[in-house]
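In what comes next, chain A is part of two complexes: it sits with chain B in the first one and with chain C in the second one.
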Partner chain A sequence: MYRSQKLALRYFTASATLFGVMVIAGLLSATYYVFPHFLFGIFNFNMSKILHIDTLIIWLLMGFFGSVYWFLPKELNRELEGIRLGEIMFWVFCAAVAVVAAIFIFVQYGPGDETSLWLINQGRKYVEAPRWAAIGIVLIVLTFAYNVIGTAIKARRMTGILWVLILDLIPLTLLYLDAFPAQTNISHDLYWWWWLVHMWVEATWEVLIGCIMAWALMELLGTSRRIVETWLYIEVMLVLGTGILGLGHHYFWIGTPRYWLSIGGFFSALEPLPLLGMVVHAIYDAGTHHMQTTNKPAFYWLLAEAFGNFIGAGVWGFMMTLPQINLYSHGTQWTVSHGHFAFWGAYACGVIAVFYLAAQRSRGLNMVDNRSWKWGFGLLNFGMVGMVGALLIAGIAQAFFERAEGGSTLQAFVVAQSNPWFEMGMYSRLAFGFIFAAGYTVLMYDLLTVGKRAPAVAAQSVAA
Partner chain B sequence: MDLQDPAFWRAGAISTTLVMLVVLIFLTIDSLAVSRAGGSHVPDYTVINHQIGYRYDWSRREDVPVIGGDQPLFGKTWTEPEARALMQEGKLVIQSRACMDCHTFFGNGAYYAPDLTKAWLDPAWQQIWMPMTGAKTQEDAMVDFLMHPERYPTWNREMPNLHISEPEARAVVAYLKWMSAIDTNGFPANFGKLSIQH
Partner chain C sequence: MTPDALVFSAIMLGLFVLAGGSYGVLYGAGRIWRRPQLIKTGFACYGIQVLVTLAIVALTPLSIMWKVFILLSCFAYALIPPATWRYLERLHHTEGKTT
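Take a look at the complex of A and B:
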């Protein structure tokens, strides 16, 4: 095993751990809706929410980094350039995450000045981490880029996937620089904030996970490089062709010109297209291989990725993206429903698939298939679909009673939040959240023990 | 043209991306001009010295902000530099207390507490908080509430005390007043026109 693959395993461990923290913070956040006085004044909703969404970003980012560190040495048949620096930055990353989490839990906020933004909390959704930590993330991403680009240069070899990955690292790094400014004008603030949030999540991350999925398909199913790279280019063309101006669906109501209603509506309506392409590809691959593979969990998680991405990001996004609907659905639990489904389908399932691939290879297993992965897969997806459904019902009630009928005043907000459909949605979301958490527990158990429970797991060690 | 050839799709990916990026850059230049303070959609910060309304515009078929006559804030008419400094402080308070992780601004943020896009125009300040706080003006009632939210609970989901000082609370109130004058293309619709009773 390459040193960078050992680093990848460390990244996967950290990523899976933060996945767990995200689940706990998610359960906590859901609890406040049902029991509003829970931890009130001690650890308020906003801090729980910050932990939930920031760990979401970090566990996925660590999962992506780990995936690239896992596949890249095999792609180029050599150790990564600057691996020592990469290893150091991994520990810097972990330490920074721990310190920021401690600040969020124990300090929480400071006075309204620049010092608070530098040291405690920037208060911008998804990028709340104080500036010192944001600088750390930039350095970590730069190190990652150096590892990738430096290795390609040393190897004197480039592949199509690697080209796409390297070009993608440029906007991935540059866009994160938008995590620093505190602009007084909120319209400008949100304008650039969406460049970061949308262009990461609906553009550069989609391309990054596309590269990772391309490597995963070659390893898992032996798909030819020509086919995989062709699909990757098509995906990049469609993702960026629709997603760059699809950014406009965030510019409907923030003080920007009216033309964004047409441009954002049109292009974001097309955004499901590349995701549909992934579904077509997944069905084709599944049929070609008659659902047979040496790593069933990885294969099923890849399928879940394709379908989840299309339904969660594509269909759920399309449902609320046209401005005529968005005027009422915007800023409700409907958005939360879409957000959960989209992140799960577009990224989480793909990262879990790579966890299983790495577990198989690092433990030298011929075959990975057992009962516990099925329980993990079933509980996690059932829990997620249940949460998404509950949030959708609550969100539609909110769109109707708060936005359409109530006119979005404080009183309309309270009326909508007290509506039985909304309250039922919140209780159901919490219940399904516990099912999801049970699924996470089983997933971790399976990942930690797969190949170590032979012969019950039908896993055979490959002779070294 | 060989559709099986990856090079064909690579060229498509590069050209599509570049075209979209160029279009986005042009639109961004225009959008930033329109949405600068003093642009056609976003008022100058001194709008806090005026009455602000939100009415349905039949020509646009949506609700638009209406800037009215003089209405000093905290009994004072703010100069442009003063108003700018006040807004800067207000925004820093909003960020430092992570308001966006409970509330939404223009529908963006968390969804646990009310949207603040048109908060200044909310009838609840005059109907509920002015009588509760005993304040003579809406802005004073808002400041009192922001500093001591635990004294004025109106629902089982309360706002926590975030130790907002009086100058900070004043800055936030001014910020909310300015924000309510931004033209948001009709969002939220029908604000304050329909009243659902408990």
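Take a look at the complex of A and C:
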């Protein structure tokens, strides 16, 4: 095994751990909606929410880094350039995440001055990490880019997937510089902040996961390079073509020019079309292999990725993306429902698939298939579908009673919060959240023990 | 937009994509496992998508621009699964020849 693949395993461990922190913080946040006085004054809702959404970003980012560190040496048949620096930056990354989490838990906030921005919290959703940590993340991303580009140059070999990945790293790095707030006008600030959040999540990350999935398909199903690369180019073109200007679907209620609403609505309404093509492709791949593979969990998680992306981003997104609907649904639990489903389908399922691929290869297993992965798969997906269903009902109740009927007044907000549909949605979300957490526990148990516990599976290992 | 129209429009838009997706899934599954029945069910889903499109055009208060957009999208949904399928088959066929 290459050193970079050992580094990948460390990244996967850190990623899976943060996935757990995200689940706990999510459960805590869901609890506050049902019991508003829970831990009041000790650990408030805003902090659990920050932990929930920031760990979401970091666990996926670590999962992406780990995936690239896992596949790249195989792609180029050599160790990564600057791997020592990559290893150091991994520990810097972990230490920074731990310190920032401790600050969020124990310090939480400070006076509105430069010191707070540098040491405690930058106060911008998803990128709340204090400035010193944000600088650290820039250095980590630059090191990662150096590892990838330097290795390609040293190897004197470029593949289509690698070209796409390297070109993607440029906006991925540059956009993060927007994490440092420089605007005092809130409209300007939010306008540029969305460039970072949207362009990461609906553009550069889509390309990054596309590259990772291309490698995963080659390893899992033996799909030829020409096929995955051709399909990658098409998907990247379509996803970027519809995703970049879809930015405008966030520009509600923040003072941006009106034309953005139509532009955003139009381009984001086109987004389901490439996703439909991806679903058809997934069925083709699954069918040509007769649903047979040496790594069942990875295979099923890849399928879940294609379907989850279509339903979460496509169906849930289209329901609310046209301006006349978005005007009312924006910022309600309806958006939260779409966000959960889309992140799950587009990214989380893919990263979990790579966890399983790495577990198989690192433990030398010929076959990965058992009962516990099925339980983990079932509970996680059932929990997620239940949560997004509950949030959808709560969000529609909010849009209906608070926005469309009540005119978005404070009184209407209070009325909507005590509406039985909204309350039922919040209770149901918490219940399904526990099911999701149970699924996470089973998933971790399976990943930690696969190939170690069942004699039948162990007997099939290459080592044996 | 009235509260009722808001919920009705949103549900119709969700159904529009869901029906299109179901058509793609069933069409693909029918082709790969050679089950004409699944392909027919897929076309039935596309029929539902057409009905949903008509309902959106006739019954929702969306502006005319969006109604035209939905109509054009409905045509695009009809073409994507067979076109993708043909492309995938040709790609795999060419690959099979070269390897």
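Keep this in mind: the second predicted complex is superposed on the first by the 455 of 464 C-alpha atoms of A that agree within 3 Å, B and C clash if a C-alpha of one lies under 4 Å from a C-alpha of the other, contacts with A are read in each partner's own complex, and residues count from 1 in each chain.
Keep this in mind: a residue touches a chain if its C-beta (ideal position, glycine included) is under 8 Å from a C-beta of that chain, and two chains touch if they have at least 3 such contacts.
Just so you know, these numbers come straight off a predicted model, no measurement behind them.
Chemist: After aligning the two structures on chain A, examine chain B and chain C and state clash or fit.
Modeler: Fit: chain B and chain C sit side by side once superposed on chain A.
Chemist: Once chain A of both complexes is superposed, is A:310 in touch with chain B (first), chain C (second), both, or neither?
Modeler: Only chain C; A:310 stays clear of chain B.
Chemist: After the superposition on chain A, what angle is formed at the C-alpha centre of chain A by the C-alpha centres of chain B and chain C, rounded to the nearest 10 degrees?
Modeler: So the angle at the centre of chain A is 90 degrees.
Chemist: See if chain A has more residues touched by chain B or by chain C, and give me that chain.
Modeler: Larger number of chain A residues touched: B.
Chemist: Under the stated touch criterion, which partner chain does A:273 make contact with: chain B (first), chain C (second), both, or neither?
Modeler: Touch status of A:273: second partner only.
Chemist: Would you check which partner chain A:156 touches, where first means chain B only, second means chain C only, and both and neither mean what they say?
Modeler: In the superposition, A:156 contacts neither chain B nor chain C.
Chemist: Touching A:230 in the superposition: chain B (first), chain C (second), both, neither?
Modeler: both
Chemist: On the A-aligned overlay, A:328 touches which partner chain: chain B = first, chain C = second, or both, or neither?
Modeler: both
Chemist: Can A:404 be said to touch chain B (first), chain C (second), both, or neither?
Modeler: A:404 sits against chain B and chain C alike.
Chemist: Please indicate which partner A:281 is in contact with in the superposed arrangement: first for chain B, second for chain C, both, or neither.
Modeler: Once the two structures are laid over each other on A, A:281 reaches chain C alone.
Chemist: How many Å separate the nearest C-alpha atoms of chain B and chain C in the overlaid structures?
Modeler: 5
Chemist: Residues of chain A that sit at the chain B interface in one complex and at the chain C interface in the other, please.
Modeler: In chain A, positions 226, 230, 328, 401, 404-405 sit in both the chain B and chain C interfaces.
Chemist: Taking the touch rule as given, give the residues of chain B at its contact with chain A in the complex, in rising order.
Modeler: 4-6, 9-10, 12-13, 16-17, 20-21, 23-24, 27-28, 30-32, 34-37, 41-42, 84, 87-102, 104-115, 117-119, 122-124, 150, 154-158, 160-162, 164-165, 168, 171, 179, 182-196, 198
Chemist: Show me the residue ranges of chain C that touch chain A in the complex, using the header's touch definition.
Modeler: On the chain C side, the touching residues are 1-3, 6-7, 9-11, 13-14, 16-18, 20-21, 24-25, 27-29, 32-33, 61-63, 65-66, 69, 73, 76-77, 80-81, 84-85, 88, 91-92, 95, 98-99.
Chemist: Show me the residue ranges of chain A that touch chain B in the complex, using the header's touch definition.
Modeler: Going by the criterion above, the answer is residues 32-33, 36-37, 40-41, 44-47, 49-50, 109-114, 116-117, 120-125, 128, 160, 182-191, 226, 229-230, 233-234, 236-237, 240-241, 244-245, 247, 250-261, 263, 327-328, 330-333, 335-336, 401, 403-415, 417-418.
Chemist: Which chain A residues qualify as touching chain C in the complex?
Modeler: 224, 226-227, 230-231, 262, 265-266, 269, 272-273, 276-277, 279-281, 283-284, 286-288, 310-311, 314-316, 318-320, 322, 324-325, 328-329, 396, 399-401, 404-405
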